[in-house]
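Below are two complexes that have chain A in common, paired first with chain B and then with chain C.
What follows is the complex of A and B.
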């Protein structure tokens, strides 16, 4: 179905561009032509995005809107906050007020800034891990599936082992061993999440490479790389995307979990670290401070994960019929 | 179907919103936290002076024998429950313990102790002067974790008769009797056959003369159970057994009655001050955080102007205010805390003054030439790694922020506290923060910590000058004189001078001394007492005993 949309979208773009092309020729300047064409492209992109968006259920839409909000928050963090998150700008544990929208933590650092900049940390780690693991694992899986033989067998065994390992206890041990830093956290999380996309990409590739059109293409002399890039990868891509969303939510939880346990970078301002510091504050539940120190990062985490879950569920729903059709081949 | 889902979603977000706004309420109660010491109303009610069992906060501190315990207060105090020393400390001073009385020769080099009669080890074997001599000889080779006698102090130990033992010192040592309060006597008939006491984890290893026996120890859970030693020579135990149990949140555990004694945060003082069954008492400032410079690894720190700049740049009052929540006293560069009996009030002061810090660094040649906010000199940046325990991260963050104002870059490296202690001991750090007790002890620790004349005995967590490469001739000379001076008035004068020298030279920065609040239920057990030089009531063995008349002969 996605394919249909894409086809439709492409047709739309083509006709649009053609129409504008005529316009451009009539006006007679190449400059306006290019300008129009870009605008047309943007417009048509919007229309396809709107089209896809309309296919999402209500939860899916809320999810997308939520993610957009969080991304905007992260991107425009310096604009929408008054203070840098690591500067001491107020008294210790000020309650929310006009000076500090969400109050301050024990060191007098603004909590709203920490939330906004913390979004960067969560998103960066989530996306970095998801894309590295998703595409890296996917590429490995495709290669293994396509090449077959010992390489395939070897990789499958490695995947079996990786998937059988209990990830969180090992995460704790390894990150304690390697020491706290963002790169280490990303590295460790990638290490534990590449197996699933690899395995699924492999099975998809196995399925696809038996298709007549691919065999035909090969017989016409298509090189392996061409086949992988033009025929197989685009087909595996949608499934990988769904997995990537799943991995990113997993990575965000894992990062927050590690940070909460004190295994992240201790001076970073991530949500998990905020939770760690807040819960580490002696008897915080007997004081009013938890309301503005503990709750905001907690809610942001829950909200982000909810949004991701909504989106991934919807994408699965949208993509699923296509998978069924493929299997029916 | 769709509607139902929407409703669920909506309610989720609504609750979220409500809870978020809840954060805005309760501003007034937020400020009520910090109560000053004098407003702390004394709970005058009488409490119970006997208890069958007292529950305390657990945690693994190693097997409670002198060679395997972990070198921190809660550890060595557990050794003290099983093993006795010749003399003990109470609220006022040194009292006779295994030794009934003692004599000092006129030149101060011979201490003769008359031991109590009828003392037996917990396995029934009699305790004699031979055990004392054995302990000393044994610990020459096998250094105990804490309480060992510095090498070179005692020349030899002689057994005069089975009830009399004589220590011959190689020079007069003013603090010798005080040092003996930590010198735990071990049984000769058991340890004579133990070549490596560090791996001696047999139940026999905890045979002592003390008031308690180790009934149960679980390393994994960090639990200990001590029960009364029926063979104990001394006063009856007021607490029949002491159990250390694991707790995740001490305050919740205290509220639920799982433990009978806890430290409480100043923010929640008023929760307990109104409770007639709870006694809240503030500790003296004898537990502190120290900021170390490693002058061996970073030679530029040998310039005292840089160290002074650190002292000016770190806002220690802010640390007390924010991290200790007001329950603390800012560190003095003369090392001794204000509560120490020999604190010198007339010493160089270092208030928070980033401009002064900047001026000092300028003077030392550290100038920010490339405009990145970090000072440099000869192409080298004024940038350090600050190692600290995971519990001190917030202190590190605050210090990092304040030092960056002065143009000093610091990266905080959080370690597990035991590996931090190991790094400190091995000198494997650039800057380091460590917190430990014992700041109320005899001021002789100024010598053992900051004079590099002789290596410090034991595996103390407050590492000595030789490790971090500090050397000061004046201080070394003062330290040597202080050690031999037997007149207290003159010694105090020397200690005052030492503080002035230290405050000028800043070999290390005491960040702040904590004055935490202890709380306990008086209906359960109210017999807690503090040693005169110590902060923690649970660490004193006398806290668990009937104390009538034990200090008659002081």
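What follows is the complex of A and C.
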């Protein structure tokens, strides 16, 4: 009987058996089914992923597929390109053709390779900034909201000022002074984007703190760390995830903007850098070169940003229709 | 409420102070000092072009050996008297360089603010009036997708379509070079002709915010009792929408407009670079390329201060428009 159910992947009953197993009640009998339980767990993981995917609207699905394509492009860049991005492999400004799929730039470097390797740059910066700022800021916000008092007050003042600072002009100035490098760009972007997740995590924590189950847990002697980790963090997490997508698209825009101004890392070819090189070329607008030099990075950037926007909008809707997270930049 | 206003002004001054502090400390955090030049051949190798005594003399002359807080006070004092230092590239005071370019930026930012506010309100009203119909849905989806494209990429697209491909608009600049105008009307036309694409880019980037805000506020407002009263009185649909609904829905739009100028001042740097428009954004780009530090700092200060002033103005105007705010 149990075996049948396990084979059909009924995760609920299986987890019940596992719980019994942990308690050592049916350890002998359940062990024989452990192989099934692993398979069932994998199956249930897949089905939850599939279920989550099906909850997205058409736009959201397009967004997810688009992002997956770009991620695959970035990961398998060496496989799907024929030339290294920084090497001169052809004549300068070759039109798209069989040798170079998207043509070459003024130095004779392959543009398709630059696009693929540039995806790595945009994604790395977007993800690094979003996760550091999202979780770092979120953790600060949760802590401040939980502890309250002067720490909370102080953090709120810092958040107020950070959010009032004109971020993009400051970004330009700071990166002009610190010098162009990927780490500096990430560092500066984190500095300007942690405030929002911190603020929202704080307000969520303040609301959650008053809930009866948390008060009950505390009265049973739960330590602050346990409370924050087991009860508050999982509740704040979905909101943080939506914010993280927002921050990553913001970071990608900011990196492209900085690179477009000539403040990116000169040794790496990001999409913004390509735009900078192309628009910096003297007669780009009087020649047909812009068609294969300027358009691909422009198109890719817009595509990536639209995909991210679709996903974040959909996630907002799925998580809580009443919850309104203002998009801000 | 009074306490709230005080904290608002306190926050603004604190923000200004932080910007000033960043501006002041950034160059001082850099390795080296203005009197030693680094060689480009090898990183870290310094060539001292003066003797040690000369160097110390100049450091003393410029007050760089005094304690930091004294230097900071001197810096603030200079700022108060409008002294922003000298531009390395232009060889003239930074304030003069900024004054030369600021009017162009003001032109496109103000133009874009006006255009995006008006068209956003009109479109938002249309959308709210046709709510639950297909046209509203299409408009909304389009607008939302549009809002995700950052202004400089939008500008590049517009430039490629209208200037490069169709050749309708100029590629760069704010006026036709070496033009002999027959009268002020022709000159004004030329300026508008050049400003058109940058203004459209900036307003398109801001349009969605105003549109969504107007639409959503209108939809909330139209469920209120006084709208039903107005309809029951026998007022025409048009009067109800314009006199009763729109008037009350415009309040948040005013606030939004103020913040919009702030966001635009940030985005204008990139948009001006795209169109090679000679405002302060373009100047900032060339200053960054040429590592003209005093100019970079001056421009940052001007942008930051104008954003803060806008926020302050919004606060004042809002109080005037909505008497409930100030008790």
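In the analysis below, the second predicted complex is superposed on the first by the 279 of 329 C-alpha atoms of A that agree within 3 Å, B and C clash if a C-alpha of one lies under 4 Å from a C-alpha of the other, contacts with A are read in each partner's own complex, and residues count from 1 in each chain.
Rule of thumb we're sticking to: contacts are C-beta pairs under 8 Å (C-beta built on N, C-alpha and C of every residue); 3 or more make two chains touch, one makes a residue touch a chain.
Please read all numbers here as calculations on a predicted model, not as lab measurements.
Q: Output check: A:62 vs chain B and chain C. Expected answer is one of first, second, both, neither. What do you get?
A: first
Q: For A:54, is the partner it touches chain B (first), chain C (second), both, or none of the two (neither)?
A: neither
Q: Between chain B (first) and chain C (second), which does A:172 come into contact with in this model arrangement: first, second, both, or neither?
A: So A:172 only meets chain C here.
Q: Based on the superposed arrangement, let me know which partner A:106 touches: chain B (first), chain C (second), both, or neither?
A: After superposition on chain A, A:106 lies in contact with chain B alone.
Q: State whether A:249 touches chain B only (first), chain C only (second), both chains, or neither.
A: It touches chain C, and chain B stays clear.
Q: Going by the contact rule set out at the top, does A:219 touch chain B (first), chain C (second), both, or neither?
A: neither
Q: Who does A:164 touch here: chain B (first), chain C (second), both, or neither?
A: After superposing on A, A:164 lies in contact with chain C but is clear of chain B.
Q: Show me the chain A residues, by the header's touch rule, that chain B contacts in one structure and chain C contacts in the other.
A: 176, 262, 285, 295, 302, 306
Q: How about chain C: which of its residues touch chain A in the complex?
A: For chain C paired with chain A, touching residues are 11-12, 14-15, 18-19, 22-23, 26-27, 29-30, 144-145, 148-150, 152-153, 156-157, 159-160, 163-164, 171, 262-263, 265-267, 269-270, 273-274, 284-285, 288-289, 291, 293, 296-297, 299-300, 303-304, 307-308, 311.
Q: Help me check something: in the complex, which residues belonging to chain A touch chain C?
A: 157, 160-161, 164-170, 172-174, 176-177, 249, 253, 256-257, 260-263, 275, 279, 285, 290, 294-295, 298, 301-302, 305-306, 308-309, 313, 329
Q: Taking the complex as given, what residues does chain B use to touch chain A?
A: 2, 5-6, 9, 12, 16, 19-20, 22-27, 29-30, 33, 249, 251-252, 264-265, 267-268, 271, 321-323, 325, 390-391, 393-394, 396-398, 400-401, 412-414, 416
Q: Quick one: in the complex, what on chain A touches chain B?
A: Answer in residue numbers: 57-59, 62, 86-88, 92-93, 95-97, 102-103, 106-108, 176, 179-180, 262, 266-267, 277, 280, 282-283, 285-289, 291-292, 295-296, 299, 302-303, 306.
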